[in-house]
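Here you go, one structure.
As written, the chain order gives the labels A, B, C, D and E, with residue 1 at the start of each chain.
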Amino acid sequence: MFFGKVIGTIWATRKIPALNNLKLQIIQPVDSRRLPNGAPIIAVDTVGAGVGETICYITSREASIPLPEPFAPVDAAIVGIIDRIDLENF
Amino acid sequence: MFFGKVIGTIWATRKIPALNNLKLQIIQPVDSRRLPNGAPIIAVDTVGAGVGETICYITSREASIPLPEPFAPVDAAIVGIIDRIDLENF
Amino acid sequence: MFFGKVIGTIWATRKIPALNNLKLQIIQPVDSRRLPNGAPIIAVDTVGAGVGETICYITSREASIPLPEPFAPVDAAIVGIIDRIDLENF
Amino acid sequence: MFFGKVIGTIWATRKIPALNNLKLQIIQPVDSRRLPNGAPIIAVDTVGAGVGETICYITSREASIPLPEPFAPVDAAIVGIIDRIDLENF
Amino acid sequence: MFFGKVIGTIWATRKIPALNNLKLQIIQPVDSRRLPNGAPIIAVDTVGAGVGETICYITSREASIPLPEPFAPVDAAIVGIIDRIDLENF
């Protein structure tokens, strides 16, 4: 899983039908200090993340993510909202 | 999913038969501000995207993308056309 | 497999249920000389790695990783703790 | 799919048996203007590409690539030879 | 497949049981001129590669790699030892 921050949403009226009814969020990947790291991606959200929250996401869809459309072509998903990161000196 | 922009098309008369009848487009990956980000790729298009449009694409084929040839060796597909991107300050 | 170092843990109370009861660790990818190499990731730990230890991890889940929740959406796992790296001149 | 150029061949007498009888080519990934982009890779060729030709390749093997050994551990394959690239100004 | 060079071995007494009895090697990815390219990885070796040899490896495990433990969580494998690379001017 990777660290990211929810930074916005997209609007897409023309899309493949399997994406209907999915909540899509724009994720800015971040490092463990919450600084931007690479280009934003689009992920499906099933945990109710809001803009500004730090989340963790996966980049290949696993069977266990509960989606309204089980065969949706989703390659990134928010799986948790990060409350706190504890880092040791290293 | 990733952000991209349709920038052109390819011509390939010698190819594996499973690619026949697929509409292939050249995608320039872009960041959330629509600036180029990395080298262009080739994606199959099933949503009717045109050159110049901002789209979102996936990079591993999912079973639900409706293709004329279900076993086509496609590793990138346009799944939606972006109408608008709403970004929060962050 | 890749080299990494365990550098901390995360706290996430809101997450998909399949992640409950998994031990998640923050991994700093390192090169073979144990220097940081890229952004930290989050991996599931089934071998009991502790903060500060050098480990090896995989980035796509394989069926044989024993997890309490077999369908957990996990895309990185610690599979071994490195005792020693022997490098030849090259 | 990605753009590449065939730049050479490899000789490997010791290899896993499933690679026997496969035509392997060295591919230099290129951008849409055919300039080198990253390190060369090795891909299986089923379309008869020759050195110097611009091709498109996929990086995960799909079931429909006709190979003499169906279970060959191949993670890149040439799937078409590019005749022409049409790019719009953007 | 990618080019690499065997540069050493690892010692890991605490690991998931499925990794027992596998020969693991440290691989330095190289470009086609055999110069280092990125951070070393750990790969399973079934072809008897020795330190200093140039090899080709795959990064997702395919069913046909003969392993003592068929469900081992291996995401990189040496599949051939390179005798010679023939490159054309380009």
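FYI, contacts are C-beta pairs under 8 Å (C-beta built on N, C-alpha and C of every residue); 3 or more make two chains touch, one makes a residue touch a chain.
Predicted model only: the values in this text are computed from it and were never measured.
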item	value
Rounded Å distance between chain A and chain C, as computed from the means of their C-alpha atoms	20
Mean-CA-position distance for chain C and chain B (Å)	32
Multi-chain contact sites of chain E, meaning residues that touch two or more partners	60-61
Chain contact graph, described as a line, ring, star, complete graph or other shape	ring
Running round the ring (origin chain D, first step to chain E), the chains in order	D, E, C, A, B
Touching residues (chain side chain A, partner chain C) in the complex	1-3, 29-32, 37-38, 46-48, 56, 58-66, 77, 79-88, 90
Residues of chain B that touch chain D when the two form their complex	5, 7-16, 18-19, 24, 26, 28, 39-43, 51-52, 60-61, 69, 71-76
